[in-house]
């Protein structure tokens, strides 16, 4: 089966990434710089590295209550190995768990030229459209999103998409009794657009940033001595047929 | 189902990692520093950060021929989403693909006080034990392992485990016609031991370091326009019954 | 975390499935009957059991060239355990690999009342819509689809959806130089609709039917003594930067 | 990459499984018969089919409290598709969740010729060895195991391994205050040995039998309208640093 790739090859017995010896990258680049170099194919500017660091740290870990963490911990508790449990955690990052980054990016791309942002918010509210990148199940204000925008300003990535996102947040807030703050998905989406990334790869930054969190949770569970994690019967409501056993 | 964790919690509406606000970590730490902080619970020294950067970059990507990359690319080619394909790549990191790190670390821990290293090598060769962390299917010398040891020296992590690993490499080489260089798994194991990590978490660094490589491969495949990747019939040899169809 | 289920509970120390003791099902039902009973909540009629048997056997295995099989075999070859490799195979069953069942079912539901089937086929061809459930990368005629329709006829499940599917196959064939036979996804979709299943669960039958095939492939690979499966360098074309290593 | 297989091939444009046209198997075999034929390469005797039916039904579903079910349901709740969630459920079937089948089979193979079974039980108890295949977290008597042995007797599969397993259960019971009944893993192991299967493939029967249960749970969750399943904060105990946020 033929494969084509522009990423990495072996040349004269050396691993070469984007035309540079991997051994050289190890000596000259930080992990974040190397991530940028691998994904984009050129060296990052200092401000790009700073912004990317913040984006990856933002995704690092959101606690054991994040479904990816509970799944990864449950999977290791049944006797699986670390990589299997981390993989199960990554699998859990579906459309509703980190997946809003891409959807929010598409929303920003489609609407950032809109003049009447308040009108747009009203129209979407009337249509009961749930706008991706806004609102959070647990947090009323998303400090991490605020920090990302502050760092975007500092590093000169606070352009048209970020402006639109913040304006739209205000417009939503004016319409709603409960807070609908821009969340980390929305902030990541706006800033990654400013940095020139395509929506289709954005979830990748969330995965890369969250990988250490999943490793940490899995290792904590592995070494807890707890054994299998399973729901108590008290947590389960049976709503089905209650027949007779013969 | 009750969960205990010392990693991350929500306090006063803020995500707190190891007692620090995540938003603060985003402002003050690089991704690598934050990984160390999350896993260990204290700030890294500069030499620890440098060493960890090199270890993570070493694992970044080893090309499309690595089974984790071919699996991840095949999985996305059948119409799966990015996170699903990356998870499949992580799953592929079994005992024989990155898994030697932990086994090598156990080997080093069990034998680093050995005086007669040449004798140990002879004994293991006679017993046909395949020592984890030495040899490579494709590379004759593993440049990345050499670089890791050089950087370990530079950053003062070249202690007893690294000395043992290099001595054992020499002893193996003296016994064998084909090269059995210390490979990246072996070098990572020795250095992570020097840094104080337990063998059970070491595979985690390989996963964290490789996550960007998997993302890059999956995205490259997704955007290739190729459709499903499947083995040609010419690659398949049927060795079974050839009956009659009725 | 609360869970609600109507499937299975423990009552008086006995596992009860849909109101019947599991131990009783073991004594009185075949596997196929039990699958139907679990999914639907009532006993299958004989014709339903026969049809379901044929549908599940149709999905049993399509050879090592199916991406789910190559992935599962590659994953076990890196030292993973059987269940991990089978899971990787199931993951591979994306939209383009078994996923057409649901899409075909939606297509049949939307169009089965169409009077002018030939006109519909022309219109879709003109719009370059790829209709799910028709065509096959390898096979010119899909014997399994033919057999499914024959058995549907025999068991009185050849109703309006099957009639539409066969008419549409003819209409497509009349327009095209290369064959676009109804394939196994299309046939399963039409017949599962006749049996009263919702499109959203149809992929599940493909997974259930294919699970034995994945187990068989993984076990064959595990016991082959081959070691890691990886792409040859000759199969890989590097299209990227060829820089200088320093 | 070359592949060898004795399972399935395409011959004269027809899918051939073990030398027979798949389309023919669809017409002539039940799903259970086809599973046996695929795995073994010969037609099952009637008693083999009956026994295999019971073994597969035994594994069908053990409720939402089984970690594989909670994981699969959580994974679909985050917006994943059915096959992804089922795969996550299969991943959860680690050493401590269905994995005891293989370990129990090894135990039976190693000890079934033992004359002094009571002495063996005492010795293992003294050494605090946890014998695989005995004991259950929730059930005091495993009805399903009892039924499997009854059906093994009826179908003439109650040979030396089953006799040993039941004798060992008695010996364990005589030593212990809490019940240590033979569980479903132990019963499956003993009977699959009687049927001639190797320990390494036994987990496969558990996976095949459980696949419909996972599909049923995932579909029930998908159609529940519940949204993301996540642990309540009240279920999480934070045991780490409580620092100050700046």
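Think of it as A, B, C and D in the order they're written, each chain with its own count starting at 1.
By our rule, contacts are C-beta pairs under 8 Å (C-beta built on N, C-alpha and C of every residue); 3 or more make two chains touch, one makes a residue touch a chain.
Computed from a predicted structure; not experimentally measured.
**Student:** Decide which interface, B-C or C-D, involves more C-beta pairs in contact, and give its chain pair.
**Tutor:** C-D is joined by more C-beta pairs in contact.
**Student:** Compute the centre of every chain as the mean of its C-alpha atoms, then state which one is farthest from the centre of chain C.
**Tutor:** B
**Student:** If you average the CA atoms of chain A and of chain C, how far apart do the two points sit, in angstrom?
**Tutor:** Those two chain centres are 31 Å apart.
**Student:** How many angstrom lie between the centres of chain C and chain D, each centre taken as the mean Cα position?
**Tutor:** 23
**Student:** Let me have the rounded angstrom distance from the C-alpha centre of chain B over to the C-alpha centre of chain C, please.
**Tutor:** So the centre of chain B lies 35 Å away from the centre of chain C.
**Student:** Could you tell me which residues belong to chain A and also touch two or more other chains?
**Tutor:** Expected reply: 1, 3-7, 9-10, 14, 21, 23, 63-65, 70, 80, 84, 87-88, 91, 93-94, 99, 138, 229-233, 235-236.
**Student:** Spell out the residues on chain C that touch chain B in their complex, using ranges where they run on.
**Tutor:** Answer in residue numbers: 1, 63-68, 70-71, 74-80, 84, 87-88, 91-97, 99, 137-138, 227-233, 236.
**Student:** For a test of understanding, state which residues of chain A touch chain B in their complex under the given definition.
**Tutor:** Those in contact with chain B are residues 1, 3-10, 13-15, 17, 21-23, 25-27, 29-32, 34-35, 38-39, 52-54, 56-58, 60-65, 70, 73, 81-84, 86-88, 90-91, 93-94, 98-99, 138-141, 143-144, 146-148, 150-151, 200-201, 203-204, 207-209, 211-213, 215-220, 222-224, 229-232, 235.
**Student:** Along chain B, where are the residues that touch chain D in the complex?
**Tutor:** 1-7, 9-12, 14, 16, 18-21, 23-24, 41, 80, 84, 91, 231, 233, 235-243, 245-246
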